[in-house]
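One structure, as structure tokens, below. Some questions next.
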Amino acid sequence: MSNRLTEFQAYRKRMNDRIGEIDHLGVKRFMNLDTAAYEDGALPARQKEMLGLVASMVLRCNDCIDYHILQCVQAGWEDQELFEAFNVALVVGGSIIIPHLRHAVETLDMTRQSKDSDGK
Amino acid sequence: MSNRLTEFQAYRKRMNDRIGEIDHLGVKRFMNLDTAAYEDGALPARQKEMLGLVASMVLRCNDCIDYHILQCVQAGWEDQELFEAFNVALVVGGSIIIPHLRHAVETLDMTRQSKDSDGK
Amino acid sequence: MSNRLTEFQAYRKRMNDRIGEIDHLGVKRFMNLDTAAYEDGALPARQKEMLGLVASMVLRCNDCIDYHILQCVQAGWEDQELFEAFNVALVVGGSIIIPHLRHAVETLDMTRQSKDSDGK
Amino acid sequence: MSNRLTEFQAYRKRMNDRIGEIDHLGVKRFMNLDTAAYEDGALPARQKEMLGLVASMVLRCNDCIDYHILQCVQAGWEDQELFEAFNVALVVGGSIIIPHLRHAVETLDMTRQSKDSDGK
Amino acid sequence: MSNRLTEFQAYRKRMNDRIGEIDHLGVKRFMNLDTAAYEDGALPARQKEMLGLVASMVLRCNDCIDYHILQCVQAGWEDQELFEAFNVALVVGGSIIIPHLRHAVETLDMTRQSKDSDGK
Amino acid sequence: MSNRLTEFQAYRKRMNDRIGEIDHLGVKRFMNLDTAAYEDGALPARQKEMLGLVASMVLRCNDCIDYHILQCVQAGWEDQELFEAFNVALVVGGSIIIPHLRHAVETLDMTRQSKDSDGK
């Protein structure tokens, strides 16, 4: 996997571990609630990941976008389907989303390339 | 249908017509683009409506929430599925979403009641 | 208490009860987490209410502002202290906060008047 | 002038007066700074009002939109010019702006009608 | 031109080209709509660029700020005029805009220095 | 002090000085107002710094978070108290705050480590 994404994942893991050490009950419960929100239920997990992705795009959070793209790819969403989700985010959120669209497309490309090279 | 929703729909129609009269090419094209974003494509229309609903909730726009709930109900989404979408929006957006969750649940109830009474 | 605030509190209670009926585990846990975030801990409850108030003002949510002002008054904060919190929110959030400052001052006045008339 | 706008202006005046009574130095200075930001300088006042209008639209504050439309009309901006500003706000901010575009167009129409009837 | 801006422009071009390759009709139309929003019309292009700049500042998007500053400088806006626009954004958006004001001033300085050295 | 924070402080000082040179009366007054908002008054300065920190977290501004954490540590707030403030921000603002929580915890750790090594 490319540098930007591996760095993000290492930083994310390191700081999430550090947040765990803080041992604040409210924060820990929030983290669990966040994980649980994307598990299979009345809606399948993969659908919820796409909801999380669009929410992250319109709220313009690149780290959140990266996380949900990685999850969406793992959940089997195809590029054409993800582009449709990107388009909904773009229309809802406007041109202020464009820099995050660039970021999202780059992340998606990096993720596909990494999977290709992993597969060899 | 209940008063709040019928009033919203009448106001929405009246003002959208008025915006059409303004005849600004950019605005008209944006309106068309907005409609097109929720049509069947690589993702089915009903899925895009749910993406639009979650985007509207995290961006905290009650009129947009009402519009997408009406579309989601028409597209056949069940309450349990919509509650899951509400939950994703709540976890992503935090307690600041709660007033909009109240609004969304009230709108959903109104929509179901209206459909029940229409069916009689 | 004045009409606007009593109506808000009645609506809030009615819809929170309705949200409870929905019985979505994630949503219920979030509601509990939200309540717990303002309880005495390393910081006293009254301080957290003021943090919640300023967060609500900069995020521009009138219902949240009303809720936290009621809590802050009950927790014993004086007007001069609350005005200081309003000022921090105004400086951080800019003139876009002014309509919410008007709302907050009106709510605070209503709350004080209601307490005065209750005390007679 | 129509009811919605006269009510807004009366409420705005009443609460601004009340905020003045509070006599918080920081808040008073902010209010003065806000007024000064739209006075003639390196840019003419009318241009700054239009900047304030677009900022209010993308930040989705109806009271702020109403205030700046009233100022823009008084400053002599024509409808076609204001529609161009609305369009920039719509493209930058996305479909989440549409309910505020409806509000802005309605406010502009109310303002023009009021000026017409005043002129008779 | 300085490194930060040339890098941004190269990245922006590369990713916009990549987004073009994706060939999503909705996304392509949005991109065209975005370009068209800043062309001469009832308002001159240079005025619209300034509207886009203020919208970008209050929405706190550094890439958008950089893009519109480059356009504004090319459109002939003077520093004193741009500082006025920065000030409107600062007053509307509050102290949360200050980091973006720093970024904007740095970008403007870089752009002027680059033009000076190009002119030699 | 660690690199990221010293770099931020140097950049912040350099650009604030540059903004001072611009000599725009409105901007200068805003900067003064911002400083004054955190001075002792009806609320002590340390309390206002914590209000500023939570406002910065829910508005998701890393530079503002860093600034207020440095001020809060200097004002004598303990880690457990700051974690409570982080938790209020997390619950109000939702999972979109998590990347900023990571940043805040890292900044706090850096600040403590720097103070430890300064003290030797």
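By written order: A, B, C, D, E and F. Residues from 1 in each chain.
Here is the rule we go by: a residue touches a chain if its C-beta (ideal position, glycine included) is under 8 Å from a C-beta of that chain, and two chains touch if they have at least 3 such contacts.
Treat the numbers as computed from the prediction; the structure is a model and nothing was measured.
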In contact with subunit C as well as subunit E, sorted by label, we have A, B, D, F
At minimum, the number of touching-chain hops separating subunit C from subunit F is 1
Matching the CA atoms of subunit B with those of subunit D requires turning by an angle in degrees, to the nearest 5, of 120
Farthest chain from subunit E by C-alpha centroid distance is chain C
Ranking B-E and B-F by C-beta pairs in contact puts on top B-F
Per the C-alpha means, the centres of subunit A and subunit E lie apart by a whole-Å value of 27
Averaging C-alpha coordinates per chain, one finds the centres of subunit A and subunit D separated by a number of Å equal to 38
Here the gap between subunit A and subunit B, centre to centre from mean Cα coordinates and rounded to Å, is 24
Among subunit F residues, those touching two or more other chains are 26, 30, 33-34, 37, 55-56, 58-59, 64, 83-84, 87, 90-93, 95-96
Among line, ring, star, complete and other, the chain contact graph is complete
The answer for subunit A against subunit E in the complex is residues 60, 79, 83-84, 86-87, 90-91, 95-96, 98-99, 101-102, 105-106, 109
The subunit F residues in contact with subunit E across the complex are 11-12, 15-16, 18-19, 22, 24, 26-27, 30-31, 34, 37, 55-56, 59, 61, 63-64
Subunit D contacts subunit A in the complex at 58, 90-97
In the complex, subunit A touches subunit C at residues 25-26, 29-30, 33, 36-37
Touching subunit D in the complex, subunit E uses residues 33-34, 37-38, 41-43, 47-48, 50-52, 54-56, 58-59, 64, 78, 80-81, 83-85, 87-89, 91-93
